[in-house]
Structures are given as C-alpha cells and as structure tokens.
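Per-chain numbering from 1; labels A, B and C assigned in written order.
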C-alpha cells in the first residue's frame, strides 16, 4: 500500500528519529511511503490554546495536501485526536459544504500509527527485536480520544527480547498538556513528579508511547533527575531489528 | 420580585433563540431510554439480593413469616432491650406483639422522639439492587420525623413490596409522587472525615429490616 | 446586576493560587487519599451497573432537552409547587437571592437558621449576607460544620473538608466546641458533631437548603444526602427555604429513575446514598408549615446563551470530575478561587462571571479528558475548556499581548512551507548559545517554566524532512513538492 506520512511539525523538527523509524518499519512491511513536503502542522497548539481562528487555515492545508491519499499515517496520538475530534466541527463552522464533505471523506483514511498497523494492515508481529526492559505510557489522547485500548501493547508483546512491564496508574496524565506545561508550570511539575515515581518503580530502561510530546515531557524530567531511563517512540521500538545491532532506537 | 421573574424568563427565551423546534412533549418522548427498566431475577434471587445489599450498608435483616411477625418483632426489641418504643400511626392490625406496650405516634412529642429507644414502621416499596426502603409516610409509615430522631428504626417489608430496580420502584410510586417521600438505604452515615464511613451522624444509627415472606 | 461566585472576585490567577497548596504536603496527602478512596469505590459500583452508558446517555439527553425548554419547565415547576402550597421567588443575582432569604427569615421572626450543605448558597455568599442582617446560619453537614467552625473555605463540592485530616478536625472541634478531651477517631468527631447539632435541630425554627432536583411535573424538590442532617432541616423547622439554580429542574418524576442511579454512584461511590427526600410544597401535619423556593439566575442565563458551552448547565454536582482530575489531585479545590472547583469549576466559574474574571481557569487543565470520561451527564468538559480559551483570546486578550503575537507569528510560519523550513533552520542557529551537550537546562521567558524542572532536548542537526530529501536525492528521485 502507498502510505502518506504526516509526520507532524514537532516530530519533524525535534524527533526526526521517529519519522525515520516509521519509514523503516512500514517499508520493511512492504509498503511504500509518500512524504508531501508541503505539510507543516495540524493546528493543535493553536486550537487548544484558544486561537481557533488561526488553526483554520492549517486544517484546510492538511485536507488539501492529503485528500488524495490512500492512507495517512500519523505517529502522534494528540495530533491524530486533533484531526479526528475537531476537524469535523471546525469544517462545519465554515459555510463551505465542500470542505465539510472533504473532511468527512478523508477522515476514515487517517490513522494513528498503531491503528494503521493493527486495524488497517492487520499485523501485530512486525518482526521487531528490542532486548530491553520497557514500560508503556498510555497518552491521554490515545486512551480517551482515540480509544486505542491495548493496540500498542499488542504490538509490543510481539517484540522479540522485550521485557515489558506494566506502568502503574497508566490512566493518569503526565502533566504535559501542550501550553499547560508552561502556563501552569508548577502544577505540571507536580504531575510529572508522580509520573516519574511510577516510571522509576517499574525499573524500566525505556519508556515508550505513541506520542513524543508526553515522552519529551517525561524524559525532560527523568534527564534532569539523572534517572538513567530513556524514552523511545513506539515506532522506534517496532523498527528496531536484530540487524540494527548497536544502533537501535532512541539512542 | 415579579419583574425579576419576567426578566429571567425573557433572558432564557432570548438565550434559546437558536434552539429551534419548540415542540416540548414530542421532543421529550423521543429521548432514548436504553437503560434497564425491569429486573430479570426470580423472586427468591431478588429477595436475596435485597438482603445482601441491606447488609452491605450496615442494616440488620431478619426473615420471618406473616404468622410469626409479632414474635420476631418482640424478639428484636428484646435483643436490644428496647422499652420505650413508638409505633407509627396506622400500622396494620396484629402486626405488633400484643403483650408489649407501645407509645402511639400521635401521643409522642418531639422530646419523646428524641428520648425513645426505637420505632416501628412499615414501608411502601423496597429496591433490591440498592438495598433501599421507600416511605411515602401514609398509614403505618409515620410522619417524616418519626423515622429520623430515634436511634433505632425497625421497618417491616413484605416480600411482594420488593422490586429489583430503581425504575420499577419509581413506576410503582407514580401515583404517590406528591406525597412526602423518603428513600432510606442503610443507617445514617458520613465519610466526611478521611473517607472513613461512620454510622449514625444524625439519623438512626441502626436500621433493622424485617422481611415478611 | 452584580454576579458573584463565592469569593471569586478577589481570587488570584490559578497558577499563583496553586503555589502555597503545592507546597503543603499534608494537604496534598489528604486530597490524594480522599480522591483515591472515592474513585476506587466509584469504580466498583459503576462496573456493577451494566447499563451505565445508557443511563449517561439518557441523563445527558434529558438535561439537554430541559435546557432547551428551560422557560417552559421553570414555569411548570412554579405552578405545581405553588399548587402544593409552596411559594416561588426569582432572583437575578446573588444579592437578590440573599435579600429575599434574609427578608423571609425576618418576616417569620427568626434570627437564626439551620442549613443543609448547599454550594449555591456558598456561591451567593448567603451566610455572610445573613450575618450582616443579624441572622446566624448554622451549617449542619459535618464537612460544612468543619469548614464553618474552622473559618475555612470548601475545597470540594461533595466533601468540602476533604483537605483536612482527623487531627486537624479535632483541633477545630476542640477549640470551637470547647471539648478539651476530644479524641481524634472519626467516631469521636462524628459523635461530637451529633451532640453539638442535636440541640439546634430541635430548636431552630427556620431551615435553609439547596436542591438536587426540582421536578417540573409535580413541583417536588429532591435532596440527596447521607447524614440525616438534611432530613432534620427539611422536616423539623416551621419554615423551609430552598435556594436552587434555575438549571436544577428536570421534567418528570420518572426522570429521577435515571438521576438517582447516576448521582450516588458518581458522587460517593455508593449504590444509593442513605437518604433521598422529596416533598411537594407543604404537607399538612408533616414537616414545615411554610415552604419557599428561590430560583437563582446569577449568570446562568448567560451560559445558556452560548450554545457551545450550554452543556455546562447539565451538571448535577457529583464531583466525579474533581476526583478524577490530575490537576485537582495536586492542588485541591482552593486554587480555583470559587465555590466550584476542579474541572466543572474551571468551566462554570468564568462563565458565571461572563468571562470577566477567572480567566486563567480554562487553562487549569492538561485536557487529559478524565473528567469527560466519568461525568454522569456526559459534559464534554475538554471541549468546553477549549471553547472558553477561545473566548478568553477573542474577548479578553489584547491583540498586542505577547502570547497572541507569538501565536499569530507561529500561524504565519505554519501556513507556508518556505517559512516553516526557514524557521526550523533559524531555531537551530538561535538555540546554539543555550545548548550544552545536546540539552538545554535554563531557558529564558515562558520556556523557563519548562526548564525549571525539566531539561529540553536541543533541536537535532537534521530535521526529518532534511533527512527525507537527502534520501530521495540519493535514490535519484529528487524532491517532489
């Protein structure tokens, strides 16, 4: 299948390794990747901070770039949630019936990475090898907007060599929340402290998730605390194979 | 202020300009009520659920037959050495043990209610799923204060009064909706201090249910 | 008209108000403990109710329907309540409600009242208003008594004193009830309250309560409670006054079958709370001889007018959203500077105040969605929060506000590939002085809030798109735009 990648603005700029992993993984599974260079941002930051008008052209841009795609893959649960939860409403507010139907037609073809793998491509065992103690952080959007349930865990359980441990209080927010982390920095820090305690209690070497924004937050705290725990996006765990040898994910 | 009334209603109407279609009854009838209305348990299981749920919330439950009801009541009162007991006005004939004397509700003033050892009432209906008894304060159920000030409340429930679900109970109450209604689920309780459940803050500390079957 | 919500007018911004609370380990422990216990209990009894989602859907539909016809149902309630011997008053704002109630107390020759916990009266500041008129209000709910005697503020809408532990409660009771020997077991403290209040119940002639539900069809009022203090206040006094927000009305008696299943399980994690009372006007020979209802607007019609936020008024004040909220869990309720805290407080307070105060509250959320998941009437709180953030930006922020300018600039960057790619390169150059070994540990301005407790990864030497372009080029495909 030809899969169009919407990498998201922050993955593009801050976490290129995740995008590279998605490409490696999907190509290994026999698919071809298309990366339209016109893409920028889904508009989530603007929309959620109250700048809804500013998000509008970004929605139109996304729709214009991807409307012909066979399937769109987004390795970010919060951007996926932005698109799935808010685009239809945003489109409905415009007096543009064409836009509304374009959004409606496009949405069923847009997938978060683990949805794409399990629900659309029908794979759980992607042939990965990742010999580390790993815990999975369920991002809020993945649980309560996308309702991913155990999709990411089903993929992780099939990874060779992995020592997968449950994260206690998995349903609790890490305190990132986009601009929340700076606007309400102290409350966010208190939430992060609890999440870090939970992570450290698992004795995991690696925290994984379907969202680099939570991971950036959690890792930011762990790194400051010299906790000796690293993070890797789910794509990076799933992309790594025995052949990668030393240069595996998230390094 | 009558002006305030008009002002608020006007504000509501102007706020709702967008609401469109104002057909109240039809719109209300269309509300989907997909929840469970009537229970699925047989009579025996229903009564067991009722008793379990009562006990779960600290009520004391005994079963008895219609014939031995007065004897059961006498035994329960004796067990806790209750002497000054008030009987709700209008209790069915023969419900109380004849050999004991009770203070009639009509003669009891508020001080008597505060000082007595307990009271006896019947109820209108009971809900198994939640362990609830429902009083509509008709004959035999006492005025509302009767079941409030004393420390012990003994309530007689007949098996056929027990329904399984809340919707069934509400349906049975339909005609009595404008009576004073009291739903009682276990003795008075609070968890306001460190979420520790404590019995009997202000209402009766002990609820005893006699199930007649 | 002056709309007030508790002490909200003087409340500092959320992030400021939260600071002293975050630094109070005892308070945080108390809040964590209480919310954990209620959540665990709630989880068990909700799992038991196999038709929970159907009940939520019905409740949400009933409430939305009622709000769409609020004028109709309020008038119907008024008619039925009056027919039952009650009297209905209307109050446009907090002051008018307080004035009506003080006037009634005086009319009946009273100078004190016993009260059932009502957040609506905290909203209007009723106790203080009565005090100014020489009327003493005695709170009778155990938690409210703790708050009143401790000269404190409620921090939760169902368990207002959950920020106090037993020894803190003992200190308050010891001093204010003059009980030097009082123990600190919850039983001791509860018994002290029982004793302290019994005399008030038997002697005070006027009761004040709120309302959980007003039934339009029958004119009945429903109060849901646990301790029995409610029943005392509802049945022993000669006069009863109920203060209720106009959104408390429900159409049918039958609708109680939905709400009486949802509310106790959501609020306290019980299948049914110990007592539910319903009454209709006055009942000769049983209970108060005079009954008054005060229907309060105080900003509610303003919420009704905002179609996207109207669902806020569906709330049945169960506090499940507070208990589930990870922000509330850290700060407790006082940070919200209002009678209403937690997620519902974050949406209802600024709206009641017509967005002129409490503007930081819609931002006091990470939008994690836990509130929406537990809300028994399915209020999509994250959606309303986002909508209200939009109103703050559009109605309250100057276009020269630094955040607004930054957001505008970012939007301009994201609408052009060229600008976006240039910004990526510029960012990499600009960060250089702040980067050490691939990390940034001390950033200026707003981002300093990040680096106070977290490191930030520096921008990597190559963006994803640069990698992609290089790869395509190597494969001889060239970039396609």
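The rule is short, and it goes like this: contacts are C-beta pairs under 8 Å (C-beta built on N, C-alpha and C of every residue); 3 or more make two chains touch, one makes a residue touch a chain.
Being a predicted model, the structure only gives us computed values, none of them experimental.
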item: Selected interface, B-C versus A-C, where C-beta contact pairs are more numerous; value: B-C
item: Nearest-to-centre chain - CA centroid comparison; value: C
item: Rounded Å distance, chain A centre to chain B centre (Cα mean); value: 52
item: Inter-chain centre distance, chain A versus chain C - centres from mean C-alpha coordinates, in Å; value: 32
item: Chain centre separation (chain B, chain C; CA means) in Å; value: 30
item: Residue numbers on chain C that touch chain A, as the complex places them; value: 14-15, 18-19, 22, 326-327, 330-331, 362-370, 372-373, 386, 388-394, 403-404, 407-408, 410-411, 413-417, 420, 424, 427, 439, 441, 446-447, 449-450, 452-457, 459-460, 462-469, 479-481
item: Sites on chain A touched by chain C in the complex; value: 7, 9, 11-20, 23, 35, 37-41, 43, 45-55, 57-58, 61, 140-141, 143-145, 171-173, 175-192, 216-217, 219-221, 223-224
item: Touching residues on chain B, where the partner in the complex is chain C; value: 1, 4-5, 7-9, 11-16, 18-19, 22, 24, 27-28, 31-36, 53, 57, 110, 114, 127, 129-132, 137, 143-145, 148, 166-167, 169-171, 173-174, 177-196, 198, 200-204
item: Complex contacts: residues of chain C adjacent to chain B; value: 30, 33-34, 37-38, 50-51, 54-55, 57-58, 61-62, 65, 68-72, 74-75, 84, 90-92, 96, 140-143, 146, 159, 161-162, 164-166, 169, 186-187, 189-190, 193-194, 197-198, 201-202, 215, 217-220, 226-229, 231-232, 234-236, 246, 251-254, 256-258, 260-261, 268, 270-280, 283, 285-287, 295, 297, 301-302, 304-305, 307
